[in-house]
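Take a look at these structures.
In the two complexes below, subunit A is the common chain; its partner is subunit B in one and subunit C in the other.
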Partner chain A sequence: MHIAAILRLNPVLTEELEVDEDGRDIDREWIGLELNPFDDQALEQAVLLKEATGAKVTALAAEAEGGERLLKTALARGVDEVLLIEVGEENVQLSSRARAPLFQEALEGLAPDLVLTGVLSTDDIYGELAPQLGALLDWPQVSAVSNVALGDGVATLQQEYSGGISARIEVQLPAVVGLQAATQPPRYVAGSKLRDLLKVEVPTVEPGADFGADLADATELEVPDTSGGAEMLTGDAEAVAARIHEILVERGLV
Partner chain B sequence: MTTPILWALTLTAMAISGWRFWVRFRPLLAARPAGRTDRIADRLSFMVGDIGLHRRLLRFSYSGILHALIFSSFLVLFTAILESFGSGLFPGFSLTAIGGETWIALLQNIFAVVITIGLGMAIYHRFVIRPERFEGSKTRDATIIYVLATPIVITMILEASARLAIDGQGSAWRPVSTLFMYPMMALGITGHAAEQAEGVFYWAHILAILAFLVYIPGSKHRHMFTAGPNIFFRPLTPKGQLPAPAPTPGEDTPTTVQAYRDFTWKDLLDTMSCTECGRCQSVCPAHAQGKPLSPKKLIMNLRDGYLTDQGLMDSPDHAMPIVGGTIQPETLWSCTTCRACMEVCPVHIEHVPKIVNLRRSLVEEGEVEPLLQSALTNFQSQGNSYGKPAKQRARWTKGLSYKIKDARKEPVDILWFVGDFASFDPRAQKLSFLVAELLGRAGVDVGILYDGERNSGNDVRRAGDEGLFEMLAMHNIEQLEVCEFNRIMTTDPHSLNALKSEYPALGAAFDVVHYSELFLELIKADRLRINPGQAGRVTYHDPCYLGRYNGIFDAPRDVIRALGHELIEMPRNRDNSFCCGAGGGRIFMEDSPGGERTSESRIREAMELGDIDTFVVACPKDVVMYSAAVQALGVEDRIAVRDLAELITETVETEERVAQ
Partner chain C sequence: MRCLIFVEHSDGTVSESALELGAMAKSIGAEAVGLICAADPGAVNALAGQLGSFDAVIGVADDSLATYNPDAAARALTAATEAHKPDLVMTSYSAAGVDLAPNVAIRTGRQMVGYVSGLELDGDTLNAMSTVYSGKLVARTGMDLPGIVAVMPGAVKADGLSGGAPAVEMMDVDLSGLRMRVTETLVPENTGVNLADAEKIFCVGRALGGTEKIELAENVAAALGAELAGSRPVIDAGWMPKVRQVGKSGTKVKPRLYLMAGVSGAPEHLEGMANSELIIAINSDEQAPIFGTAHYGAVCDMFELMPALTERLTAGK
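And then the complex of A and B:
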């Protein structure tokens, strides 16, 4: 059994983001990058499956910068192999659609039984990557999955719906899964493991495939207006309570 | 005829006692090395103060005095023990030649009274005063010792009384025994009867001593034997330098502490030396706040766990594993590593290294709480707990009246290691700004590392991630080593501790000063002109990593006084300072206090001084911690938390003012 986990870096969102000069992307000069939290879940699920079934796990990334470090962390987390797809330093903003053919090519080479990736990311809020890959590879694909179990040639998945409803789905392998949550939250990897891997060379490949063409383009990006709308309540507890009551009544909330 | 019996009894008791010691200490031979045999002279000379002069014990005056009374009496009364056993085992042995019947006898009589007073004070202390620090100590053990020690003294006195009663002649050298001779004679115990009584008291004395000897190895009172070695083998490395994990003999790579043999022998000796006095508990901020940590119980639990593991105790509560069995993870995570416990422990037990060692084993297993996990992950990816890109480290310098040099590109006199808090926290950034402006005004040739700086790793190390600490430290050392500078300055005591005390162990020794020290120099050299005027009544809080860990107590105080303020000390000051609660990685963790937050109790302590208007701090974390505490207590209008940099800024003469 061979599992591929696809990992992506996202801008750190605890930061105040600024729009760049073109007004079509965030200013990436000052931002930090972190592992997309959903991909983090996919990585954890892959390692959990490895522990449960002895499957081999390969982690893949296609990043302009920070990809090496990302994949070393994946090694420290327990994956067996990693592969970094070179996209060129200038391509700091690649959509899922642009990256999908690159991943497709790499996956065809690796021939895994299961591909796990995050259901969505801050750069891909529609969660396109998993469906794109499913379509390109012509494999079954399920998104919004919160639990994965492996059987003989099949995977049993739990797909989440709104309102706390979920469905159990069985798919033939190979398949692509957009993961929402792993069976257990991602664990911490001690620095000692990471330190031991710092000198490891991360294997890279030059893609033969071209970037996928985007069907839509951002025309304008704006930082949401967060000024105004807030009122500081001062005074003693009674005065504050009275004012809260007033506001609730004013807005017709009670 | 009695000699062989005494020999048999003595040898049996010694064998039992020796065996009881041996089984408890044998495992130390298989434990990890601690390397404590250097600088013998320093080790010995220190013991004079700590044992002979009771330096640490007397910090708690009542119990310090009672201990001094009992301790000195034991030394004197040892002569009586020598006489009893010497004369019994080797007929003809006597101390008479050197004063056994004169001044030694007198001393014995005097100290019989002294020890009685000491024991009385101890009993009164334990059963009437009952300080909180005894909570959790084993009262039964203490009681048994009182019960065993008292007859030793009484029989010693009465034996001599009976001897005097034989002829009915009192002795000026034995006033106490003479005193008891009269009632004895009144009871008709003279002559032959007195001879018999002397024999009875003699044997009672012998038996009490032997019972004591047999009992001791299993009691906390074995500290009579272990305290000396424990103090002798105390660490002589800088206080701020945590020991790295040591390898177990026979294995080459250091692993975490899973079993008792993974501790160093000194760690195990520590547990066997604890007197359960609870001094550590009484100063522990975590305990005061109602967290599930008492340094005393931690050591007692490790001891009981160790004994249970050795089959010497049968306690299901203390069965393996260490973490999760004997010691709960929450206990370990509650520690702020403030070092108050270690500073006050009379037998120099090292609590913090044990806590960190056990944390290391949790971290290695990936068992960290969610907030700490995200902070540590941020350190791994960005080199700071905020998860902010290194590029933003120097953002706070925007708007300064001059551009701070990049120390990586040009030589500087002072390399300012800014630290995470001072770089990223909005409130602390403002203070960094003030410090930078003050340095500019004083014409200091200063530079920073810009995006080359990473967190110093001080708190990461104490949170238990040794590998991450090494990565951060090595990064900083590599950056610093290519820079040209004379001294490093930092406003952050945690960074100061790492740079000054931790990095030397990694082969990088720098001259490091705290900004309070640098500003004191600048003021003294008149490079910053002070214009005292708005003198206030202020108090000052010693940050743990500045004071207790690195001994910098006076510089901040001197600065405050130089600015013209009246400094009123809080009851807990200098090395007895009370932690703000942020250290040891606590600042990255969830804080759900059971009781009052330590920072709040500290503010309360300051307010009890009377009309204090300013609470002065000299640590960026303190500014944040105490400002929050003042707010939580709702006393903003009565006391203000101000950093040293703010105080200096408002009293220093600006160029414009100088020009006028």
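And then the complex of A and C:
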């Protein structure tokens, strides 16, 4: 059994986001990047399945910058092999639709039984990755999955809908899964483990496939106008607590 | 101009989001054609009867479509798109919509835009507004038609039942050799926690950081007489049980008070609580999207605020 986990870097969303001068992309000058939280869940699920079944796990990324470090973290988390698809330094902002054919090509080479990636990335404006890969590879795919178990030629998944309702789905392998939550929360990796991997060479491959066409050239980004939003309470925590208490009293809520 | 709308339904009732999509199609002056996938033609007809604002319905009936099956639904939507060539295919941004819109976009060679909160037609170009980076930015994409959009639930108000039941045309789709089957539907167990009916809710987000500090949150909830709730990461991390999750894949709530701390205000969270009567948000990031929705906000460390607020509430009693 061979599992491929696809990992992407995302801007750290607790930091301030600004739009660059031509309004086409976020200003990436100072922005921190982190593993997409849903890909983090996919990585954890892949390692959990490896521990449960002895499957081999390969982690894949297609990043301009930070891809090597990302994949070294994956090694520290317990994946067996990694592969970095080179996209060129100038391609920092590729959408999932642009990268999908690159992953398709790599996956056709690896021929895994199961592909796990995050259900979405918060900039997947032209489509989420897992369903696109399902269509490109013509493999069955299921998104918004929490819980994956492997059987003989099948995976049993739980797909989540609104209101806490979910369905159990049995899927023939090979299949693509857009993961929402792993069976257990992602584990912590010790810094020492990462340092041990500093010298490891991350294998790279140059893609033969072209980027997928998306509508990035037709998109303008903006910081939303929140002027109609919250009335802001100012002061330190004491002052804010006092104001909240007043508001609740005024409205008869306490 | 014609829109083909994938109609979600459960337990014999069409989802609110399908009616919202119908209203959105009308708002750009388009005809709304629903695609209903169900177990048999009788079920298709019964569901079509709930789509009074739609112009027509295409029905696909098969045992595999009794509940949502991603493989079968993708084939049906692809076939209907290829046969009817709508200008725009619309899905909700739901679990099904995430499966279908990008998948059918690739299968039919169409472009798609997701996280859509609004549409405007400008000649042959459709301008789609989307919420990206968890609500921190908005995007405007000019899409030449034909295309596909996945629309955020709640983006527009649903239309009532204006007309009679739309005419239904059944369509044959080859669903042989499906590669997945739904074996069971799981409903949440009744645990005594009822967020949907709670009058006051205190919700904490990922910033809680672990169970060590949960007592601070429990104290606020107790002093306030509120139910404690969490955003999805809080539940996924195992800090609170699933019954306490608010949002898209949790419970939808509408309390008189929704107090929240350390929740960023991602669209999937807003989907569950944006209609609360009074929303007060505490977040250390002044750019947190939640400040666009909350009625009152404070840029403040929740770990300082929680004890201070507990003290105030307790002293005020």
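Quick note on the criterion: the second predicted complex is superposed on the first by the 217 of 254 C-alpha atoms of A that agree within 3 Å, B and C clash if a C-alpha of one lies under 4 Å from a C-alpha of the other, contacts with A are read in each partner's own complex, and residues count from 1 in each chain.
The working rule: a contact is a pair of C-beta atoms (placed from the backbone, for glycine too) under 8 Å apart; a residue touches a chain by one contact, two chains touch by 3 or more.
What you see is a predicted model; the values in this text were computed from it and never measured.
In the superposition on chain A, A:14 makes contact with both subunit B and subunit C.
In the superposition on chain A, contact of A:58 is made with neither subunit B nor subunit C.
Once the two structures are superposed, subunit B and subunit C can be ranked by residues of subunit A touched, with C on top.
In the superposed model, A:237 makes contact with subunit C only, not with subunit B. In the superposition on chain A, contact of A:73 is made with subunit B only, not with subunit C.
Contact with subunit C, but none with subunit B, is seen for A:140 once the two complexes are overlaid on the shared chain.
Contact with neither subunit B nor subunit C is seen for A:95 once the two complexes are overlaid on the shared chain.
Contact with subunit B, but none with subunit C, is seen for A:189 once the two complexes are overlaid on the shared chain.
When both complexes are overlaid on chain A, the residue A:226 reaches subunit C alone and has no touch with subunit B.
Touch criterion not met for A:36: it reaches neither subunit B nor subunit C. Applying the stated touch rule to the two superposed structures, the overlap between the subunit B and subunit C interfaces on subunit A comprises residues 14-15, 185. Only residues 10, 67-71, 74, 94-96, 98-107, 111-115, 130-143, 153, 179-188, 200, 224-225, 232-233, 236-238, 242-243, 245, 248-252, 256-257, 259, 264, 266, 278, 280-282, 285, 287, 289-301, 304-305, 308-309, 311-313, 316-317 of subunit C touch subunit A when the two sit together in their complex. Across the complex, subunit C is touched by residues 11, 13-17, 19, 26, 37, 41, 97, 100, 119-120, 122-129, 131-132, 134-136, 139-144, 146, 156, 158-172, 175, 178, 180-181, 184-185, 213-215, 218-224, 226, 228-234, 236-238, 240-245, 247-249, 251, 253-254 of subunit A. Of all residues in subunit B, those touching subunit A in their complex are 363-364, 366-368, 370, 373, 376-377, 379-382, 386-389, 391-392, 395, 460, 465-471. Across the interface of their complex, subunit B is touched by residues 12, 14-15, 29-35, 69, 73, 185, 187-196, 198 of subunit A.
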